[in-house]
Structure formats: structure tokens, C-alpha cells
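The structures come next, written out as C-alpha cells.
In the two assemblies presented below, chain A is common to both, partnered first by chain B and then by chain C.
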Partner chain A sequence: MGKLSKLPKIYLTVVFIILYAPIFYLIFYSFNSGGGMSDFESFSLEHYGAVFEDTRLLVILINTIVVALLSALVSTAIGVLGAVAILFMRNKAMRNAVLSLNNILIVSPDVIIGASFLILFTLIGVKLGFASVLISHIAFSIPIVVIMVLPKLQEMSPSLIDAALDLGATKRDVLTRVIIPFIKPGILAGFFLALTYSLDDFAVTFFVTGNGFSTLSVEIYSMARAGITLTINALSGLIFLVTVVLVIGYYMISRKTKSPLAGVRK
Partner chain B sequence: MKDILRGTAVILIVSVILLIINAKLNEGGGSAGNNSITVYNWGEYIDPDLLKQFTEETGIKVVYETFDSNEGMMGKVEQGGTAYDISMPSEYMIEMMKEKDLLLPIDYSKVPNVKNIDPYFLDLPFDPNNEYSLPYFWGTVGIAYNPTLLEGQTFESWDDLWDPSLKQDVILVDSARETIGMGLNSLGFSLNSTDIDQLRQATDKLKTLSRNVKAVIGDEVTPLMINGEAAVSLTWSGQAADMMYENEDIDYIVPEEGSNLWFDNMVIPRTSTNIDGAHAFINFMLDAEVAAQNADYVGYSTPNLAALDFMDPEVTEDERFYPDEETRSHLEVYRNLGLEMLGVYNELFLEFKMDMK
Partner chain C sequence: MNNKPLRPLYTVPYAAWIILFVIAPIALIVYYSFFDLAGNLTLDNYKSFFSSVYLKLTISSFWYAFLITFFSLLFAYPTAYFLTKTKHKQLWLLLIIIPSWINLLLKTYAFIGLFGLYGPINALLEVMGIGEQQILFTDFSFVFVSVYIFIPFMILPIFNALDKLNHTLIDASRDLGANAWTTFSRVIWPLTLNGVKSGIQVVFIPALSLFMITRLIAGNKVITLGTAIEQQFLVTQNWGMGSTIAVFLILFMFIIMLITNGKEKGASNNGKTK
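After this line comes the complex of A and B, so read on.
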């Protein structure tokens, strides 16, 4: 990145303050010994203790993470293959039709997706719970992954594949040794986007939870009527911390393995 | 490619480990047990210790789920993907669920603790003879205000909101029934009025309030009141209790002309697969000591007369939340007015909002 002049720097700083101030405000009050966010009494860790005592909340938190990880993983795998399939479609009309269908799923409201999943699951007799939530999260994440991966694929020069084939690579080799390494940044972006979509989706999840299985977003929305307690602040603080550690970890790993030809040779 | 596969393996292993931890944590819960009930309640609306106590006493496991709106709850019960054994809808929703045949009648031979409930809260128009529901918590609609921000203004009736000194001070709730209802009440009409002429008058009266209205919002009013950014608001009693807990300056009144009396009630949805367990749960929650503990935790008013003996007199003698006979006689429970009439209410409410500048 080149040197920034003064104005953009100030602008960036303001943007970051606006983005992060609410989070720090929230985390700050999670250490409040009082019960609310109005005035800070004294430092205390009791709300963090409460998170670990409330097994129901912990179970829900773990549910949320597992669903997010698994749904992001599966939807990335399906989404990447789908994007490759779209790229190699011979029939242009067909390709556009599939792409449009993909985009419709992205823009259609969550409420409608959720309600239709609920109807589908009860119709075919799938018990609401872990499976139904996982399936629906995979479903709404796939179009997102496709959208993230497709531009990378289109960026790739077709001669790369031709060269590989000329040098005796099988179709499988082309996919695993040429295409996937090239589009890796797109795959990672798609994975992380699917992960965050799954973590904070409320509308779809609300409809398909059941039989005691719930996720954090549904739980927090339900608490709104009685007022959200500082336990939620503490929980949010923990999640924020984990996210920061993950991002830093990812940054370190990607810096270590960076070499100019890394994308193609592995 | 290798690192992608490695990443996949790591994610799978982490997921499996987390699932194992979850299974360990969940021991005792879960729908796997033969004798369990699924309870569907509002968030933060029960003392979690009571669920454990119930399981210890009866051996029935509780699978607990929460919802955030009556409408969302009914949608899921109606669709029937989960076998809910207990739910806690508000009174108007019970009428709708009855119409749709979504509820099972209560077998009173299994609920002896019904004797603990104050008769005043039984046999109400939304469910005559309490055939399908028993009250869980109740409350009122009234005015919450912060005297330190107002110069000597006190509140006794709805008309006090029209006082010229309250310019831009009043916050209303973004809900047609409550706001139009306030207009109706201030004119001495019924909250369940279906008389177009009365509704018209109420709306016209509300329009004259608009110079005093600061905003028409939802639950966000609670922090505004607590932080002293708003002086007066139309509020539910439970919400007022929250405000008063955080900010001792705030006071709450039920206006003398009358107001709304609301209920959340325990019902057994038709999807129930453990009807005996559901009855046991209702009976347990109506036990005097249990109800008292629950009311202490949740902070709303309990309809359980016997429970009051186990509670802090400072709470139960607080007439703002346990109003006397006289105030109660002016309170009215919402009826389900039907879709068409609800449309009229919404239309008039919209007209009022558009008229505001």
C-alpha cells in the first residue's frame, strides 16, 4: 500500500472508530459489576462466570459454532464445484439461467427461505433440529460461495488449463493442481463469508430450529423482550476475542507460506 | 490443495470434539429421554433453576426453547415440526389458537394447584372457564415518567399526556392496539371498541397529541428512559419495572380512566406428545413457592395469590405492579377483534403517524 495522504487517513480512522466503538462499549460493560449498561460500578468478572455456569447457553454457543463450521465447509465444497460447472457450461443460455437462479437465492428474503424450509421439512418428515438447521444453512450459503469463487475462475486464463492438458495432466489433476490452487483466495473468502452468514442468521434459523436445538441468534432475539442481560455482553466479548485470535492466526499462516508461485505449484 | 484438505480435516475434528462436549453438557436434557416435555417460552421468562427442580421432583426432563413473538410461536406450533408440550402465548393469541384448533383442553383433575390462582385472573372472556389456558404472568399498560426531567408535572390520567408543558417529551409505542387504545381509554371508551365512530374520535384526539410526541418506537424506549434521554413513555408494566430497576428516578402509573390488562398463559398445544408431563409442569409452576421464586426472578406480576406470601412485601404491596381492586376494575383485557377490525386499527394508527410532523 502506498503512503496515504492526510485526508484519507482521517477518514479511515473515523470509519474504524464508528465500526469498533459499539463493540468496545459493549465489551467494556461486560466487566460491570452492576446489572445494566447505564453506569459502570466496578470491575468484575461475574458475567463471564455466568456464561460458563449456564450450560444451556454454552450448549447453544457450541451448536452455533458447529453449525457454522460444518455448513461453511460443505457449502464451500459444493459451491466451488458448482462454480466450476457453471464456468465450463457450453450452452450460454443455460449458464445464464443457472447464474440467475443462483442470484435469485441471494437476494430473496430470509423469511421466505426460512418459511419454505419449514414447510418442506415438515412435509417430508425431517425432524426439526440439528439436521434441519445444518441443511438450510448449507443451502443459503452455497449461492454466496458461488458468487465469491466465480470471478476468480473467470480471471483464470484458459491457456493455463490447455497447457496442463498438453503436458499430460488428467482432468482430475487439472482440477486439483491447477484450478483449485489458482482460485484459493476466492475459496477462502467464500468459506469465511459462509461462516459469518451462518453465525448471524436469525430469520431462516428461527423457522427450522426445534426439539431443543437452538442457535445463539435465535436465543438472543428471544431475550429482547425481558431485556438483554450483561451475560450476553460477556459472551459477545468472548466471541470477539476468539475472532481476533483466529484472524491474527490466519494472517500469520498466510504470511509464512507466501511465495510468488505458491498458487500454481503446490 | 494439500492445505485445503488439511484445513478440512481440522474443521471436521474440531466439530466432532465440540459435538462430544455438547453431548456431555447436554446429558439429562435432549429429546432422547422417554419421559421428557418440550417447553416453548419467551426468552428470559423463567428461572432456569426451576427447570432442574422440576426434573428432580418428577423425573421428567425438560427440553427448553424460546421464541420472540406470539406470531412466530404460533407459526411453528401450527406447522408441527416439533412436539411442543407447553407454550406461553398472550391472551389474544390464545383466542386465535383456539379458533385454529391448536390447543388441548386442560384436565383439572391433574392440576390441583389451580386453587392458588387469584380468581380475579380466571374465567376471562378470551378463554371462558379456562378451558385451555392458565395464567402465568400478567401486567398493565401505563405511563412511565422521570420526575427529575419534568417541572412538577405529575400523572394520574391519560389526559396528562396532553399537557402543553410536555412538548416533544412523550414516547409512544409503535403498536396500533396500545396507541389507539390509549386514545379510546382517554375518551372513556372500551379498548376493544369496534365502533368506527369511537375509533375516529380516538384518532382525532391522538392527532392533537402530536406536538408532545417525541418518537413512536418499540422496545428501544427502555434504554432511552434509563439514560434520561426521554421523560415520559407509554409502557408495559414489565418494561417499567426494568426501567425502575436501572434508574430509581423513574415512576410508573396506571391511569385512572383504565388501561389494558395483559396476560401470558400456559397452554398445551395440540402437538403435545406427553400430555401428562405437560399437566405436571403446569401444576408445578402453579405451586405457591415455585411461582414466588419465578416471579422474583422474572420480575413480572404473578397471578398466584398463594405465592404472594412467599414474596417480599415491598414488591407485592407496590400498587404500581399489584394494583388494588379499584384500579383493577378499570382494566380491560384485549379481545381478538378479527383481521378486518385489526386492519382498521392499523389504518387509523398509520393515519396518526402520518399526521405527525
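After this line comes the complex of A and C, so read on.
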């Protein structure tokens, strides 16, 4: 607070206003008894009621959350293993090659990931639907986890492991008591980013989803193309609420894990 | 290290992922690019890519991606810089990230209302005496919404780079008589260049391939390489031509990665491994 002078404060305020304006605009009109996003008639919860009455929409909402949680869990597990594998790679050229391969999916445009996965699934006979969407989300989240975990692993001094071994720790102890606590912030960050990527993904899902299965993004896309419906607004209000709760939870966890780590690092 | 017996355990799942979901999909895209609609082996797709239609499309796609990246960087750098100066910087950074957690489609949908003819922006313009403007379905709205969507991803790497910056270097620069601008251009900017480069990477390449925003906000006026691929794959069902455009998009992606990665690796290796 004290460090910032006036102009930067104004700048940041404007940035925050622009970032949040569309979201609050959506939420504001979700309480509109009218049908559009221009004239606010009177306060009403009817659109929220509509969300909860729409079983199809609720199923899609649950689909989206299940896919996000499952894909984040699996991709975090594989990603952490991958980061360890890269760390222990002796051959520098090999390590760089693997890192480049790792980054391909991060920088690949969604459209290419979607299109190529569509070809892949069609070829090996994976039915388009829940399975193909879940597998794709796991696949494109793994490199993000690796990127979040690897720097933490590299930051860890090898003498820390040597010290633990000298003090009589088993390999298992080294992993659970030294390595994992040390890289925990990276793992958490990776998990939450994977969650974000999955919840946010539209393009890849759009390609690999079949007729019977849909996620929120795909559904909103088809609704938005048809025009403005305030059900989408009500939905965005609910999503925003959940997001804020999640973020507060994440912030609490990361603060708790950070304080002892800060001591270790110094 | 001495983890030999454990090695397969942590290597196999990750290696399988690389082969199945990184190498195989690219190989399949390249393979399919040589087939026409009837399933014959041909180079026709490549010939038509170099026709004026697709060349124009590529150039305009690059131009929009450049604009989007440029404005993202222009607004993201000061934001990231000021954020590192705030007291609870991690919390503020989190607040920047929250909007990126809100579904991409919802944010885009919000702009349909905001920029609409009867939306608040037009109402404001009316009050200011400028009068009603067609904002939706223009180049401006397309670039604005894209920057809005991408800017958190530009802020994040720059923030991390700035946050890692050793403050004694800035103090040293000041002590040696450099003014604020010199300190920025000679010390801060070069040391955070890696963050800027990865920011450019995560904005420019997706910007080349947007298709949802073009449909919803630009009203099909802007066609990017992404729109073309989506069209070929899902509407025309011409996987061959779609793959060919994808091959070129992958090529562009590699070129951009080479440009933005080249120095970064050397620098980080110098600092870290030895």
C-alpha cells in the first residue's frame, strides 16, 4: 500500500474495473425480471429458478465439474511424475528435447489440439463423449503441471536429499518428507491451473465431444449463438460465486503451506 | 541419481503421454494433410493453401494476432510491475487470475451485451455526445475482447519474472547513477525478457487460432487460421484441407517458439544447472 504512489494505484484500479466489469454486468442482469441485458426492469430470481429447473443444464454443469476435477487429479499425478523424470535426466540434449515436447501442447492452438485429438480418437475407436473429453483434458493439462512443478524441483538443493539420506531417511521418507513438502506449492498451483484449463476449455471440447455429451462452454456457445438468454447470466452468477469460494480456499491453503516453507528457503 | 529401480514408475506414464498425445497427433495431422476429400493421396491441399484466398487469410490472421499481442503486452507489463509493488501482491495477483477462471464463453457472451447497440457503452457514448456506434461485429471489438481474454496470461509470466528479480540489482543501478528509465531499460526489462517472451508465446499463438470469438464478437467478419480449421473439420468435413492449414499453423508455432525460446534456454541453463 504505502509503496505505491497515486498514478499506479489509479492504473491498477482501472485494470481491475475492466477485468471485472463484464462479469458483474452479467451478474447484475441475471436479476433482471425482463428478458434482455439492456433495460433493468425489476429485481427477480426467476432466471436462477430456471437454471435449477433445467435438468439438462444441471447435468451439463455436473459433467463439467466432474471432468475438471478428474482431469486435474490425473494430470497432476502424471505431471509430477513427469517433472521428476525430467529432473533425473542426465543427458542435457535429451532433457531439452523432452521439455520442448512437453511445451508443445501448452503453446499449441486449441484448434489444433482439438482437430488432432479428433483424428486420434476416431482412428483408435474411442467413442466421442465423456471419455474423449476427459482424456483430452488430462492430456492438455499434464504439461502445465510439469511446468509448475519442475522449477520447484530444480530449486531444491540436492544436498537437502543427501542430508536426509545421511540422517538415515529411506527413499520413501525422502520423497514424502522432503521432496513433496518442498514442491507442494508447485503441485497445488499445477492442480489449480489444470482445473482452470479444464473448466475454461471450449475449443478442444468442441472438437472431441459427441452428440450426447456437452460441457458448459460448448452449451453456452450454442446458447449465445442463438441470442441473449438471461439463464446464461444466472449461470455465470453461480459460477462466479463458486470460483470466488474456490479461490479463497486456495489462498488459505497456499498461505498455510507457504509459511513453513518460507522458513526453509531462507 | 540412485533411483534406478524406481525409474520406470515415474517415466512410463509421462513417456506414454508424450508419444500418444504429443507425437502421434502431430504425425496424424501431417498424414491427413496429404489426402483429399475422396481419400486419394495428393498434394492439392498444399497447392490450394498457396492460393490467394488462404494467403490473404494467413496474413490477416497474423496481423490480428500481432495487434492482440501488442496491446496485451502494452497493458500487462505496467500491471504486472505495479502488482509486484503492492503489499499483498499474491492476493492481488490472485484477483487478476480470478476473471480467467470465469468461463471464457461467459466473458465473451458478456461483451455481446456490453457492446450491443443498447448496451452501456453505447449509452455512455450517447451521453458524451458521440452518439450511437456499431461496436459489436467490428475489428475493434474483436481485438478488445481478445486482449481482455488473454491479458491475465500475459500478466502472469511477467509478474513472475519481476517478482524473481533481485532487488539489489535495482539498488545497484540507482547507486551507480542510473535514472529510472535507464534502470528499467538496462536492468529490469532485460532481466524480465524471459517473462515477456513466454507471455508473447501464450498470447500470439492462440490469437492466431481463435475461432469462437470471431464467431460471437466479430460476426464472421474476421476469419483466422483457427476459424478456417474449424470450418474444414466440423462444417465442410474436409479433414485433409483442415489438416493442411493445421500443418502450417504448427510450422508458424515452431517458428514463434524458436524466436521466443532461443535465448531463454541458454540464459536459464547458465543460471541454474552450472
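Quick note on the criterion: the second predicted complex is superposed on the first by the 245 of 266 C-alpha atoms of A that agree within 3 Å, B and C clash if a C-alpha of one lies under 4 Å from a C-alpha of the other, contacts with A are read in each partner's own complex, and residues count from 1 in each chain.
Simple rule for what comes next: a contact is a pair of C-beta atoms (placed from the backbone, for glycine too) under 8 Å apart; a residue touches a chain by one contact, two chains touch by 3 or more.
Bear in mind the structure is a predicted one, so any value in this text is a computation, not a measurement.
Once chain A is used to superpose the two complexes, chain B occupies space that clashes with chain C.
Legend: residue contacts after superposition of the two complexes on their common chain; A:A97 is shown touching neither chain B nor chain C.
In the superposed model, A:Y221 lies in contact with both chain B and chain C.
In the superposed model, A:L69 makes contact with chain B only, not with chain C. Once the two complexes are overlaid on the shared chain, A:G210 sits against chain B while remaining clear of chain C. Looking at the shared chain after the overlay, A:L118 reaches both chain B and chain C. In the superposed model, A:R177 makes contact with chain B only, not with chain C. Counting the residues of chain A touched by each of chain B and chain C gives the higher count for C. Residue contacts after overlaying the shared chain place A:L241 against neither chain B nor chain C. Taking chain A as the common frame, chain C overlaps chain B at a single listed stretch, which among 115-123, 151-159 or 169-177 is 115-123. The residues of chain A shared by its contacts with chain B and with chain C are 36-38, 115, 118-119, 206-207, 220-221, 224-225.
Residue ranges on chain C touching chain A, taken from their complex, read 1, 3, 6-7, 9-11, 13-15, 17-18, 20-26, 28-29, 32, 75, 78-79, 82-83, 85-87, 90-92, 94-114, 116, 118-120, 148, 151-152, 201-202, 205-206, 208-209, 211-212, 215-216, 225-226, 229-230, 233-234, 239, 242-243, 246, 249-250, 253, 256-257, 265, 272-273.
The touching residues of chain B, when paired with chain A in their complex, are 1-4, 8, 11-12, 14-15, 18-19, 21-22, 25-26, 29-31, 38, 42-45, 48, 63-68, 72, 75-76, 79-83, 219, 222-223, 226-227, 238, 242, 245-247, 298-299.
By the touch rule above, chain A contacts chain B in their complex via residues 35-38, 54-56, 58-59, 62-63, 65-66, 69-70, 73, 115, 118-119, 121-122, 127-129, 132, 176-177, 180-181, 184, 187, 206-212, 214, 218-227, 229, 257, 266.
On the chain A side of its complex with chain C, the touching residues are 1-4, 8-9, 11-12, 15-16, 18-23, 25-26, 29, 36-39, 77-79, 81-82, 84-85, 88, 92, 96, 98, 100-120, 123, 139-140, 142, 146, 154, 158, 161, 171, 196, 199-203, 206-207, 216-217, 220-221, 224-225, 228, 232, 235-236, 239-240, 243-244, 246-247, 250-251, 254.
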